[in-house]
Amino acid sequence: MTNNQETITKGQAFQVKSQSFEGPLDLLLDLIEKRKLFINDISLAKVTDDFIAHIQQFENMPMGESAHFILIASTLLLIKSKSLLPELNLTEEEKGDIHHLETRLKIYQRIKEASKGVQALFGGNAIFAQSHARPVSPVFAPDAEFTLEKSLSLLKDLIGRLPKKEKLPQVVVQKVISLEDMIGTLTQRIQGQLRMSFKSFAGEHKENRVNFIVSFLAMLELVKQGIVHVTQESAFSDIQMETKEVGVPRY
Amino acid sequence: MNPAPTSNLPQQLEAILFWKAEPVTFKKLAQLLSIEKTDTTEGVKVTEEQIKTGLIELEKTLQGRGLSLVQTDAEVMLGTAKELSPLIEKLTKEELTRDLGKAGLETLSIILYQGPISRADIDYIRGVNSQFIIRNLLIRGLVERIDNPKDARSFLYKTTLDLLAHLGISKIEELPEYDKVRADIESFKNQQSTDVVDKSNQATDATIGA
Amino acid sequence: MNPAPTSNLPQQLEAILFWKAEPVTFKKLAQLLSIEKTDTTEGVKVTEEQIKTGLIELEKTLQGRGLSLVQTDAEVMLGTAKELSPLIEKLTKEELTRDLGKAGLETLSIILYQGPISRADIDYIRGVNSQFIIRNLLIRGLVERIDNPKDARSFLYKTTLDLLAHLGISKIEELPEYDKVRADIESFKNQQSTDVVDKSNQATDATIGA
């Protein structure tokens, strides 16, 4: 069973390259739906490899966006690690991240489904407000509040609020940087677990399982390299942020 | 001199909405239809509840006619009947915008089914920065920004009457599966807080070669 | 696809007259409701006589409602019912005396410094849709609408001479920090246009109710 799925995924992952995704959740959902899976930790563990394979190709992606992908990748790595080594202890925060991801994906999936209905209605049989052709007979009626000083100060406020180029929010940058450490310690934790549980692996599947975990560790290493790439780039990359709401993303 | 406002409230509402030709809040309508007490006349106080009742009646008289109402929980607008959409579109000479783009459609759907909602929450659901797409929707008048009652530093985004009109629906509840979608999402959120995190038993399924 | 025009002619007339909100000739109505013959469909020819009959029917359905028809021997328009004119007077007065509000003052300031300017550009600078606000500024004689030399379908807005006189200036250039404000806004527009930002929203005039 597993072998079949692997083959199918590889074929699909190849096709997926040409598509564009709105973000990491869009990509993740696509991977899960292509395999006709429900959203849970099992299916997330299954698509982790595909997801990582995708972000490896994102060399040219703007820093802001690839950071979002890498943050999701880190949670997937936790899920995958846990699925390979059930003995692995996750912290409360890590468990929380996993659950958040599942919830977000479920909400996102439901919204995407609903959006098909929205698209079907949009502009189809619109209700029209009155056109603005209606002639007006203007009566000069100024507002005492409107003075030259007021006008200038309003415009200055407005100019101050215009969207500007700003650095990627500190929160995200820090998250990505700490991710590098996280993957480092995760590698150590898995290696540690592996040595401990090596003896307990059942004879028949022993080789198989060890090989698999070793290749997974190699993958962690690749992600780590990607993170280094991203954090280096962040020093000179800018992205746009809405001024009033900087620094509130929740992950 | 004025007739008692409650007797012909639907007519008065129709006239105001026609004349204003833009969304009018229930509050404003109540205010416009109330009459201040003077030395010679008794005042009349019209409540928002009476406005809502009047609008229900007006909606009935508009059945099968060329006009229809579009409303949210706070404001209302008069528009053409959606059955006559092709006819009016022919007059406008403008192509109706039908394409929103993937990001626009996603963001609009989130605001329709989950609004009023903060940008942080929209970003959380989409997993990406939605700043530009929200600005785009604001400029197009499809969504509007209101203050966040829980946090003075941020805003909430909600559906405009123009958006409902563009979708050809009179109320947001007419969206496909409106209640169902909201209930489902609510249950996903609750599940998260009540669920026991330890699922390691199931996770073994996904072991080797998964 | 269109229903036979005679079956629901009164509704169609009501929708057209509502949307136009100005006098329309019978001839024009007949023309708007006729459907040209194509290779695949039969055409439909509506006569002025049929329009007149349709209007008589429409008038009946408008009995006791907030709207009524105003007709001459050649044209017709939809207006508010005559018995509600005290209410409409109150509305007019209210519209002319109420505060412009922050959105109104902001929009007026942009038109003052940047005019003549299109609605799309106003929306773009403000980051929100301004259609209803501009209408109020027009009614109050604070701004006026001129044809857009670059696009026949849209208009440009500029401040009225009355407003300039009221502010005590004779030339726009006398506005405080005129050059600085214009340069700042200009640099924002240039910066945005060189970005990868999706500016499809510039086409706002083509959206709803514009």
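The chains carry the letters A, B and C, assigned in the order they are written, with residues numbered from 1 in each.
The definition used in the following text is that a residue touches a chain if its C-beta (ideal position, glycine included) is under 8 Å from a C-beta of that chain, and two chains touch if they have at least 3 such contacts.
Remember, it's a predicted structure, so these values are computed and weren't measured experimentally.
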Next item on the list: Name the chain whose C-alpha centroid is farthest from the C-alpha centroid of chain A.
Entry: C
Margin query: Quick check on this structure: which chain has its C-alpha centroid closest to the centroid of all protein C-alpha atoms?
Written below: B
Next item on the list: Could you tell me the distance, in whole angstrom, between the mean C-alpha positions of chain A and chain B?
Entry: 29
Checklist line | Cα-centroid distance, chain B relative to chain C, in whole angstrom | finding: 22
Next item on the list: Return the distance between the CA-based centres of chain A and chain C, expressed in whole Å.
Entry: 43
Check: So which bits of chain A are touching at least two other chains?
Finding: 126, 128-132, 134, 163, 240
Next item on the list: For chain B, write out the residues touching at least two other chains, lowest number first.
Entry: 18, 21-22, 78, 80-81, 83, 86, 88, 97, 132, 135, 162, 165-166
Check: Which chain C residues qualify as touching chain B in the complex?
Finding: 1-2, 10-16, 18-21, 32-33, 61, 64-67, 78, 80-81, 84, 86-88, 90-91, 94, 123-124, 127-129, 131-132, 135, 153, 197-198, 200-201, 203-210
Check: In the complex formed with chain A, which residues of chain B make contact?
Finding: 18, 21-22, 68, 70, 77-83, 85-86, 88-89, 92, 96-98, 100, 102-103, 105-106, 108-110, 112-114, 118-120, 123-129, 131-132, 134-135, 153-155, 162, 164-170, 175-177, 181, 184-185, 188-189, 191-192, 195, 197-200, 202-210
Checklist line | Interfacial residue positions of chain A with respect to chain C in the complex | finding: 126, 128-136, 138-143, 145-152, 154-156, 158-159, 161-163, 165, 240
Next item on the list: Enumerate the contact residues on chain C facing chain A in the complex.
Entry: 15, 18-22, 96-97, 99-100, 102, 104-106, 108-110, 112-113, 125-127, 131, 135, 138-142, 144, 160, 162-163, 166-169, 175-177, 181, 184-185, 188, 191, 195, 197, 208-210
Check: What does chain A use to touch chain B in their complex?
Finding: 2-3, 6, 22-26, 40-42, 45-46, 64-65, 68, 72, 82-84, 86, 92, 95-96, 98-100, 102-104, 106-108, 110-115, 117-119, 121-132, 134, 163, 205, 208-209, 212, 239-242, 244-245, 248-251
